[in-house]
Amino acid sequence: MAQIDIRAVRKSYGKTQTLHGVDLIFPTGEFVVILGPSGCGKSTLLRMIAGLEEITAGEIAIGGTVVNKLEPRERGCAMVFQNYALYPHMSVADNIGYALKVSGVPKAERRRRVEETAAIVGLTDYLDRRPAALSGGQRQRVAMGRAMIREPKVFLFDEPLSNLDAKLRVSMRAEIRKLHQRLNATSVFVTHDQVEAMTLADRLVVMNKGRVEQVGQPLDIYHRPASTFVAAFIGSPAMNLIDSRVEGGAVRLGSAVIPLAPAFAGLEGRAVTVGIRPEQVRLAAPGTGLVAIADFVEELGAGRIVHAVMEGQPFAAAIGEEVRVAPGQPIAFDLPAEHLHLFDRETGRRIEIDGEPAQSRAAAATLAPALS
Amino acid sequence: MIQRTPFANALTYAIMVIGFLLLIGPFLVVIAGASQTMQQVNAVPFRFVPGDQFLANATAAWTRGDLGHAMINSLIMTLMITFGKVALSACTAFAIVFFRSPLKHLFFWTVFITLMLPLEVRVVPTYAVAADMFTPFRLLIQFFTGIELKIEWNLLNSYAGLTLPLIATATGTFLYRQFFMTLPDELAEAARMDGSGPVRFFFDMLLPLSRTNILALTTIMFVYGWNQYLWPLLMVTDPSYQTVMMKLRMLLPPEDGGTPDWNVTLAGSLLIMLPPVLVVAVLQRWFVRGLVSSEK
Amino acid sequence: EKTKFEFWYGNTGDIGERVQEACKKFNDSQADFEIVCTSQNGYDTTLQNTIAAYRAKKQPAITQIYDAGTLDMMLSKAFVPAKKLMADNGYKIDWDNYFPGIANYYATGSGELLSFPFNSSTAVIYYNMSAFEKAGVTGKPQTWEEVAEAAKKLKAAGYECPMAFNFDTWPLMEQFSAIHDQPIATEGNGYKGLNAELVVNKTKFIDELKFFKKMQDEKLFVVKTKQLGMDIVPAFTSQTCQIMMSSIADHGTVGKTLPEGVKWDVAMLPVFKGTERKKSLVGGASLWVMAGRPEAEYKGAAAFLNFIAQPDMVQWWSTVTGYIPVTKTGFESMKKNGFYDKAPYKGREIAIESLTLTQPTDTTRGIRLGNFTQIRKEVTSALEAIYMQNADIQSSIDQAVERSNQGLRRFEKTYAGEKLN
Amino acid sequence: MEKRSVFKSTWLPILFAAPQLLLILLFFYWPVTAVLNWAFTLEPPFGGAAEFVGLDNFKEVFNDQLYWHSVMISIIFAICGPLTAIFIGLVLALAVDRELPGSGFFRFLYILPFAVAGPAGGMAFRFILSPERGLAAMLNEIQPDLWNPAKYGSHALAFVIIIFIWKWAGYTFIFLLAGLQSVPRSLIEAAAMDGSGPIRRAIDIQVPLLAPTLFFLLVTMMTEGFVGSDTFGMVHATTRGGPNHATELMVYRIVDEAFQGLNYSGASAQSLVLIGLIMIFTFIQFRFVERRVHYK
Amino acid sequence: MAQIDIRAVRKSYGKTQTLHGVDLIFPTGEFVVILGPSGCGKSTLLRMIAGLEEITAGEIAIGGTVVNKLEPRERGCAMVFQNYALYPHMSVADNIGYALKVSGVPKAERRRRVEETAAIVGLTDYLDRRPAALSGGQRQRVAMGRAMIREPKVFLFDEPLSNLDAKLRVSMRAEIRKLHQRLNATSVFVTHDQVEAMTLADRLVVMNKGRVEQVGQPLDIYHRPASTFVAAFIGSPAMNLIDSRVEGGAVRLGSAVIPLAPAFAGLEGRAVTVGIRPEQVRLAAPGTGLVAIADFVEELGAGRIVHAVMEGQPFAAAIGEEVRVAPGQPIAFDLPAEHLHLFDRETGRRIEIDGEPAQSRAAAATLAPALS
């Protein structure tokens, strides 16, 4: 049980900088998920916590102790690797018990603890097998057992589910959550799967290109993404992002204008990006709404996704009702104003003042076809 | 990287340097000795510092062993072995791996068994066959038809004789086979869908893809061919076909004269070692990759 | 178009080059034939290669086979007897002109020469007389006891290696046995039948080995081999060692290699005191004409053999090597024109003297044992064991004899039904 | 492992395999049948009618003390040489695998001895390890006969083993390094997280995972040790089986027996025994050892 | 453009039979998706059409010609492989043009057609690259280009998207559809991803264990799965399947009874499985609905999934509203009767008479808490 402090941490491989100064605090016992696209530096950060990667600059402290110079084994972390990294030549029992063996725990005691751990991860019947004779999910459990047995202060997971098939992934997700509830060690979990991130995290860290984009509770991030990057990365299908400009205290969006709250008067003339999630778009009643050019419809069984083009940019809408669209025909959507997001087009950052979204609440109901 | 402690690093370097002395040291001694004068090379203690006599010694060795001629012979033999092996093995491996043929397993085992029996243990009869390539046929024909044929084809004292028997083993075939097995099935299937037949597939796909293996095999076979010892010793009686390995003996300090001139001997053996060492050094990268993929 | 034919020989180094010279002389001397002479890098390899080539029907017309391979050749049926060849091709040879002590080695029991003696030698002992002078040794030792004396003095005078020896059985076993009238094998050293058995474990050979052992222990006799870095001849010519036993064939080389001004001499191999010295055995090799060649090549072969038997060729050959003339007339003429009195050649007559000292007998006529190469090797191994590894002399030689006899029995069985004539 | 997709043709594979199969039949199987024939007869050196003697040749071979001696030293040679070469290769591979700056340079050099012919290497070592000059002479200055392969059989055997090790250590190194590099980095990291230091990791994780490579090397190196052509060359160019049979390895003995001893039949019998031995040996290794070695 | 007829096709490898008699007709120009779990024989079937696998029994005809004995190249099919099977040593242009080269098309003509094809698949700028220097999506396009260039009558795809990451998969899906619209060749597409299958197929074939489970239009299959296997396989999260029994003309489901239409009187006493999709389940108004024991909630941002246990079997519900559930507490759901499916528990087949679902429409509204 320990808090992890990451202070101004940088990482360079030779001349290329991979992490550009990361500051994070992971409170004791929290389940933190680091989410980001491939190559953004998630693993690098995790491995620096573990001690597998040198820290180029900055400081990492675990439970208050700066660990920069410590060997992995001295940091009290346990790690579950993406490919599990099980020792293929050892039985499940030996895999789980290896850390104890190295630290010289007597055989009998070791045996007892291995059995205990195996019972927790449900591997009691497999203790004598080699990893090769296990299914994906079972291997995953061995990896967890091996990490658990040392009763680490910190659990690190590097995309532990990405090698499993979809069904298994869902059930292992549940198991990891249960395990965390049981052990309550500070856990850092790296993934690029936003569903995993959303469902597992107490606290979510979204990274991009070696920088932290946003930190917060998953739903918070979902509802108030701090940047277009986060907005597009979280949620599937991705949020529709449409380029526009603030003109006359309002944003023009296709055939509609969205008046801004007065506090945003300073934005006049600014290039902005308007975002709305496909699942928040509705088909408009005939004659109303924003018009887009239909492209095609994807039938998912449970609902469908209408793909269209609005302002020359792709626009998707997840809708429940059946529609018939012929490619090239116009189709009208309602964009509920309370679900609109506004971003600075240049920096990509969310525009919000005092926690108030930019578009005027009052104006929401008045969203009307523009005159153009 | 984990465990970059100064101690571990120092130990690592110590091991690598000891390895260097062990494996490369002998070369250094030979180079030192080969470039010293006769007095220096015979001095005790031996001085590891190279002298300036290498050219003189090498020239002496070159003449004593008549190396010029032998080098050319060795080169011809080596290239023929290398080329023959590289080409024939690829064909055989192709036949074994890519065809569904009842003979496939027969081919496989016929070739596999040769791995275990080098020339040394069957050298006398091999010599007899080389002396008259047609013996087996003649005997067979005679056995079945009673006709005694008179044709003969003698391989003694010829490049064919130096090379053909050495091409008749399995190493190369296995290298290719292992590599071919690792190629995804879909590659051949895609080619088939594209309308390519087996022969086209062989030339358009397999050969270009086997580049690394070909280079590795080239290296191995160059070393193997150049270093052939017993076979040329037996099969060549005509000095115009002598290879450098056969000259080693001549390079030894003459038995009838004074202080042994090891400096000349060493310079000579250095010259003889050089070509395969160069080949390995130059082709090292592919060689290593090819070697490793031949494993198992 | 000249008829080409091949001649394989085993000599290497300086002597090898002389053989090439002889071939050239022959080729220059006439227009009908061309001899192609090829060194096979050693006597043993020449025999090997000849056999392999014969099996492959690629044998040369003429091949040089050393003394030890004589019986192997005789039973091979792979050759044309010398006498027949010359007769067939119209050469008249006075076969009696050959020294019997030499010819007997290569002749049938009835005295018919099967091959041509060519480079004939015998073993002698080489002394560094300059060193002897410095050590105060006078005269050339004739007995092993005197050699031991001389060695002691040399040692006392600071010579680290008074006498060098290696494990060549030719001087140590074969020559020693002959001059001491000791049998090497039963059945007249094998002349009388293939059932001969080696007996050197029961003869004075053992005493000799014991003597050498004692000398070695006293550091008077020193082992010098290629494996140790230097064989006896270089040891002698580099003046590392002052005495050695070697072939008279080395006489030329030694003279050329020893620095100007160093005095040296050869003598007949020493005997043990009180021994009545017998003739020594002929060494070197003879030329065999192989069967199965085209007729035309035999003409050439006969011409070549005749050519090298001419007195001027004999003299040239003996001059440039140390080999002895094999015919009485050859020897006489060389003696007459004072060859043996001139500086570098002085002493070579010792060899002829040694070879003709007594009439050939069962023990001095020669050795006729199958696979003699292998027997030499067995004994050499035993000598290695004795002098390098302190093995027991008697049991080592017993073992070598036993193993050799097994080989002889196998040979006998292989040629079951063959008779020696 | 079978390939899924194969071309269908009867004559094409035969055509492709034919050249090599023909060579193999001619220069391998045909001579081998001759060896079989000679082993049961008494073959006269110059050929001609040979008497059938049943198992006599084998009896003679088996009754020969020196034969068993030769078997014994061959086993010593084929165990000590490969094991040491593999061990050195392993240590060097573990060191180079740490990828410290400069390790590429060492890696490049370590493989070079492989390119040197056994006999040529032997020649160099004859000088380097000659008791009277070169390196070993310096040893013998300290105390006479500290090193004297011409004298002591054990030294001579060690001498040829050293050449073997020198020649093959770099070769094993290459395989082992590749093996190490194919051990997933994450396994090492997992072990580091589990608290295991570099040496412990090598023993607990890396070496066990190299087992397949080690096994492969063991088989090939031991086969090389028993019958490799370089093994013959090394002995032939250095000790020639001596002193007193101390280095008469089986393969050397066979060639020596046949060509020096003119005992083709005995040599053939020995060849057959050797072939049988190697087959049994390989079979055992594949059947029993390999099973314990693969993890997938 | 050709119709594919598959008649009583069987496939055995040695003694194990992989396909147990498949009868299918793929009309000209249709986009057919074969969907099924791993190992069900999808690839085998496809490869038999392609001519890469021998047909053990039965007949396959392409455009009316029986092709059983024809070589792959003679069948007029092109195939896109799962791992693309690009020729690694050839440039993109050579890869695409290889088929033409083999068939001896002159160089200039070849060049022209390669460029044309490259333009269609958007690879014009990459023609000189080797496959290794391409991204996953680009490789995929090369594979498609290579297949297209021969203008085949039939396109075969063997899981061509499964090696791509999620985002790319979605966009490649669209590209394949567009390509199909453009070329209109009969296409057979194998996948085990039901979203891919639903969104791509004109006609969907669901396979299981070497047998065809159901053939039809995707939405049809979604709404009226022919078996529990299809029901569970299509849709995510999977349909809830609850074992029950017909008693007194009704099916008991947890705390509710569902009366059956009179036509189903013959089912009395039969063991059945009742199915309902999670997205059709609603939270019940307090005091109404079926009670289950809550387990946990997964927040997806756009909605959430409630996991519970009903009748001892897991039960999931996708709901829009926010809920708080404590594990172990009861939670009540409404199961709209019109969305219920009924299956024979023994055979797993759907129970439906004359296209009428088993549960009585009339009874739908009366779904009420049972008395028990």
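Going by the order they are written in, the chains are A, B, C, D and E; count residues from 1 in each one.
Note that a residue touches a chain if its C-beta (ideal position, glycine included) is under 8 Å from a C-beta of that chain, and two chains touch if they have at least 3 such contacts.
Quantities reported herein were computed from a predicted structural model and do not represent experimental measurements.
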Those chains which touch chain E and also touch chain C: B
Chains partitioned by contact, chain C not counted: one piece
Centroid-based (C-alpha) most distant chain relative to chain A: C
Chain pair with the most C-beta contacts: B-D
Chain A-chain D separation of Cα centroids, rounded to whole Å: 57
Between chain B and chain C, centroid-to-centroid distance (C-alpha), Å: 40
Intercentroid distance (Cα basis), chain C paired with chain A, Å: 95
Touching two or more other chains - residues of chain E: 52
For chain B, residues contacting two or more additional chains: 1-3, 124, 128, 130, 186, 189, 192, 234, 249, 252
Multi-partner residues of chain C (at least 2 other chains): 48, 52, 55, 229-230
Chain C-touching residues of chain B, taken from the complex the two chains share: 124, 127-128, 130-132, 152, 154, 156, 233-234, 237-239, 246, 249-250, 252-260
Touch list for chain D against partner chain A, complex: 184, 186-187, 189-196, 200, 204-205, 208-209, 211, 295-296
For the chain B and chain D complex, residues of the former touching the latter: 1-3, 8-9, 12-13, 15-16, 19-20, 22-24, 26-27, 29-30, 33, 41-46, 88-89, 91-92, 94-101, 103-104, 107, 110-111, 114-126, 128-130, 133, 135-136, 164-165, 167-170, 173, 180-181, 185-186, 188-189, 192, 197-199, 201-202, 223, 226-230, 234, 245, 248-249, 251-252, 262, 265-266, 269, 272-273, 276-277, 279-281, 284, 287-288, 291-292, 295-296
Chain A residues touching chain D - in the complex, by the definition given at the top: 47, 50-52, 71-73, 77-79, 81-83, 85-89, 98-99, 102-103, 130-132, 146, 150
Sites on chain E touched by chain A in the complex: 165-167, 170, 174, 177, 195, 198-199, 218-219, 222-223, 234-237, 277, 279, 296, 298-303, 307, 318
